[in-house]
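First chain A sits with chain B, and in the next complex the same chain sits with chain C.
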Partner chain A sequence: MDGEKKTYGGCEGPDALYVKLILSDGHEFIVKKERALTSGTIKAMLSGPGQFAEKEADEVHFREIPSHVPSKVYALCMYFMYKVRYTNSSTEIPEFPVAPEIALELLMAANFLDC
Partner chain B sequence: MQDTVTTSALLDPSHSSVSTQDKSSTGGHTSSTSPQLSKPSITPVPAKSRNPHPRANIRRMRRIIAEDPEWSLAIVPLLTELCIQHIIRNFQKNPILKQMLPEHQQKVLNHLSPDLPLAVTANLIDNENYWLRCCMHRWPVCHVAHHGGSWKRMFFERHLENLLKHFIPGTTDPAVILDLLPLCRNYVRRVHVDQFLPPVQLPAQLRPGDQSDSGSEGEMEEPTVDHYQLGDLVAGLSHLEELDLVYDVKDCGMNFEWNLFLFTYRDCLSLAAAIKACHTLKIFKLTRSKVDDDKARIIIRSLLDHPVLEELDLSQNLIGDRGARGAAKLLSHSRLRVLNLANNQVLAINTTLTSINLSCNHIGLDGGKQLLEGMSDNKTLLEFDLRLSDVAQESEYLIGQALYANQEAARQRALNPSHFMSTITANGPENSVG
Partner chain C sequence: MQVDRESRFLRGTGTGEAVAVEEPLLLAELKPGRPHQFDWKSSCETWSVAFSPDGSWFAWSQGHCIVKLIPWPLEEQFIPKGFEAKSRSSKNETKGRGSPKEKTLDCGQIVWGLAFSPWPSPPSRKLWARHHPQVPDVSCLVLATGLNDGQIKIWEVQTGLLLLNLSGHQDVVRDLSFTPSGSLILVSASRDKTLRIWDLNKHGKQIQVLSGHLQWVYCCSISPDCSMLCSAAGEKSVFLWSMRSYTLIRKLEGHQSSVVSCDFSPDSALLVTASYDTNVIMWDPYTGERLRSLHHTQVDPAMDDSDVHISSLRSVCFSPEGLYLATVADDRLLRIWALELKTPIAFAPMTNGLCCTFFPHGGVIATGTRDGHVQFWTAPRVLSSLKHLCRKALRSFLTTYQVLALPIPKKMKEFLTYRTF
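Up next, the complex of A and B:
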């Protein structure tokens, strides 16, 4: 992704392509919106009735999820991609690999994000 | 809409394997409408869950399974489901249970295999449902009421009993039982072993000049017939309350030999030491083990002043009057509530006892009959007080008759009639038989 010359859409506005996930220690992750909507929690935060600040800036703050386990965030993003890729798809669905050392934390995060 | 008819023909050869493996929680149950698949599995079988075979997804898309709480429309499983599956699969290497939320814990427990090693599960899982599945998986008939209503306790007690019953001294590694102790010590309250195997008999080497009569063979083999010594076991079970032993061999079939049933002197000594050291033992039963007077006295001696023993059962042994005397001494030196000496040789071979007082005991009908049997050979008993002992009227009468005969014989033998009491009777609750 770094080596490509691409311009990315912004994170602002209702039809932004990307959404910013801000974790509890300030790390920001920018994910394609369509994929982030896999998570029920994120979807609710972004599309709920009016008052959320998230809706305007397309940012989601997660106060409970720390990023000190980077592989967990990576796994989450991989899962978003996996889900979007294979939903309503007729191709074979391969198994999603879960690393054993992060299984528990990933479960907690997944439970929170409702995905 | 893709055509699934052609693809289903391709899927058929793999379907028989899919249907048996297809037990993941994301709705992998076989459909009853498809004739090629095996019978529908409706009850959730605790097996290793994994994602269904990918090519089965097409069929899954077109199925609706009623009353399956785990079926979902989504083809791609939720990340929570994937994590739980992963945890279940790797539970043996990485047992995570307590750190999860209760609903996740429940899901994991419902799907864990009952074959997991006890080293992993024993001290981690308290959920009775899991132990119920383990018990049912292993034994077809389970009476949980015999084990205090706890499936976990039942599993460990039966498992331990199974190991003890098949332990062959000298062949089986004692570590097998000792390794189990730290896992089960908190849960085992009662040990009931009705078989103790003797060590494997090597062909006897005849010393020069020995005849193969039973006397010398008995001496040669006596030291090698000791059964499993219970000292370590009893010391290791910190909550043991009941010990129920029979030194017996079952299913010996055509290999029956009397020396399979020896409760040896060394066995007796180690057993006595073990029960003396066990301060939580409330009930001790040693039946049908050919326990004679000497061994009974050894055991009784170790039970004197035992802090908590309440019930002692030495029935169906070979205890004579010396053993009975020891038992009587025990009655006054302990907190014993129930003493059972049924079917022993107490009265039959007795030649010195002249007076027994068993009044105000709940001897009951069977006890009365056994006392009567003992009395039938007894020629010296003169006084037998059975008041308020619930002995049947017929038994009382017959015992009375036997006593009367003894008294008459004694009177006849006496040089000085004043030695004997003249108003000796066995009194029942209602009638007095003279």
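Up next, the complex of A and C:
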């Protein structure tokens, strides 16, 4: 992603390629920023004015989401990748499978993340 | 969701975001190659079109008692050059010249209904068939054809051979449906006012007759979870039957005229029915509630002085990801609907359309017309939201009542039961 070379104080600014998603129990997931922006919520959290007060602009804290269902977070990341891959592409879009056992919790997360 | 008419892009705030929505483009049109001598008395309509569940074959009853089976995707010659340039539509017509893999099935009489069985049965079946050579080998992709005099012929797709003849119906077999599970149970709907259940594992034995309809039964559809059977008839009612006990669960009332087409959503949570009364009704099949009605009215009423709305519905079908509907109506339009909106999102001109179906992996809609032609149209490419994907996964095994019993917020329940989008 080539953007302007602006920096804001000590933050990496919009150039950062990766963002860190930090869940309520401290677990961290590093995800390519482009993909994390799939989530309207993450996008808002990364671009709002409040961000620059944080020590590092490329971190997002989710105080409500615990990581005790790791497969859910994995599924979220996979969905982000799927969405970026097939948006603005002319190839046939395959189905994205959701395992029934995590579907309910994943739905809650998807609802919160607006994706 | 908002439709931005200038750019024709749908902005998704709801369930699924269409990547881009443009009017359906005609990809290809196939016309039957006529034999030198044909019987003028037998009709030429394409009453049914169907894709096999794995998307590898397409079948259409091209009139004059012939069913054409062609492998999918279509060969290069049928697709117009430069299709990728979406800004122009182009038509490529071709006579049915026949590639080596095409099959022509001569059914001997008018073909009304078509259905593919899911691919293929478990390997143990093949072993069994080898030891019982006199039994037709149905461990393969088969096509059932519903005929004018009530017979049903079962054909092997790979070879074009006739496998079985099922007798029982006394009148036109208008529609057919296999259970999606691959159990080789076939349901047929007939003008003799009955539906019949056939077991292809047992030489096509008729295992049940479902009576109750008062007029012609026009269509039947089995829910993807194989639990329910829907049938719709001339007396305006829609029946829901249990596929476990073959008994009537409930009747859905609401249409004002003959109901001629029905389809379940891919997660079995929704049922749509189409009628000559110009409406498509969306139902919750578990509770029998009407969720919404889609009115097929004149596109531009200001321009038309006539009071006549010639928009009887002929066919309705769900898209594979469960977010769109395609309808064919007598007002010469193919319409694409997004589930949550009250007006169509796209139109395409189509004369004398009779039937439609989506390609199982999305992207293409096939339609059949009165002159025996089929057309293939581009369908909206959809990248479902994760919310909708989760909903679809959950509803594939949860009934509406089970959803209502979950310990989740009310808004989530409304979303999951398709009351909101």
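Rule of thumb we're sticking to: the second predicted complex is superposed on the first by the 95 of 115 C-alpha atoms of A that agree within 3 Å, B and C clash if a C-alpha of one lies under 4 Å from a C-alpha of the other, contacts with A are read in each partner's own complex, and residues count from 1 in each chain.
Please note the rule applied: a contact is a pair of C-beta atoms (placed from the backbone, for glycine too) under 8 Å apart; a residue touches a chain by one contact, two chains touch by 3 or more.
These numbers were taken from a predicted model, which means no experiment stands behind them.
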Chain B and chain C placed together on chain A: clash or fit? clash
- Task: Scan A:S90 for contacts with chain B and chain C and give back first, second, both or neither.
- Result: both
Query raised in the report: What is the contact status of A:G26 with respect to chain B (first) and chain C (second): first, second, both, or neither?
Result: neither
If you stack the two complexes on chain A, which partner ends up touching A:N111: first (chain B), second (chain C), both, or neither?
both
Checklist entry - Where does A:A103 make contact in the superposed view: on chain B (first), on chain C (second), on both, or on neither? => result both
Stretch of chain C hitting chain B after superposition, from 59-67, 77-85 or 149-157, is 77-85
In chain A, both chain B and chain C touch residues 76, 79, 82-83, 86-88, 90, 92-96, 98, 100, 103-104, 106-108, 110-111, 113, 115
Listed in rising order, chain A residues that touch chain C in their complex are 76, 79, 82-83, 86-88, 90, 92-100, 103-104, 106-108, 110-111, 113, 115
Per the touch rule, the chain C residues reaching chain A in their complex are 19, 84, 320-321, 361-363, 381-387, 389-394, 396-397, 406, 408, 412, 415-416
Within their complex, chain A touches chain B through residues 76, 79, 82-83, 86-88, 90, 92-96, 98, 100, 103-104, 106-108, 110-111, 113, 115
Residue set of chain B touching chain A in the complex reads 2, 50-51, 54-55, 57-58, 74-80, 82-84, 86-87, 90, 93-94, 96, 99-101, 104
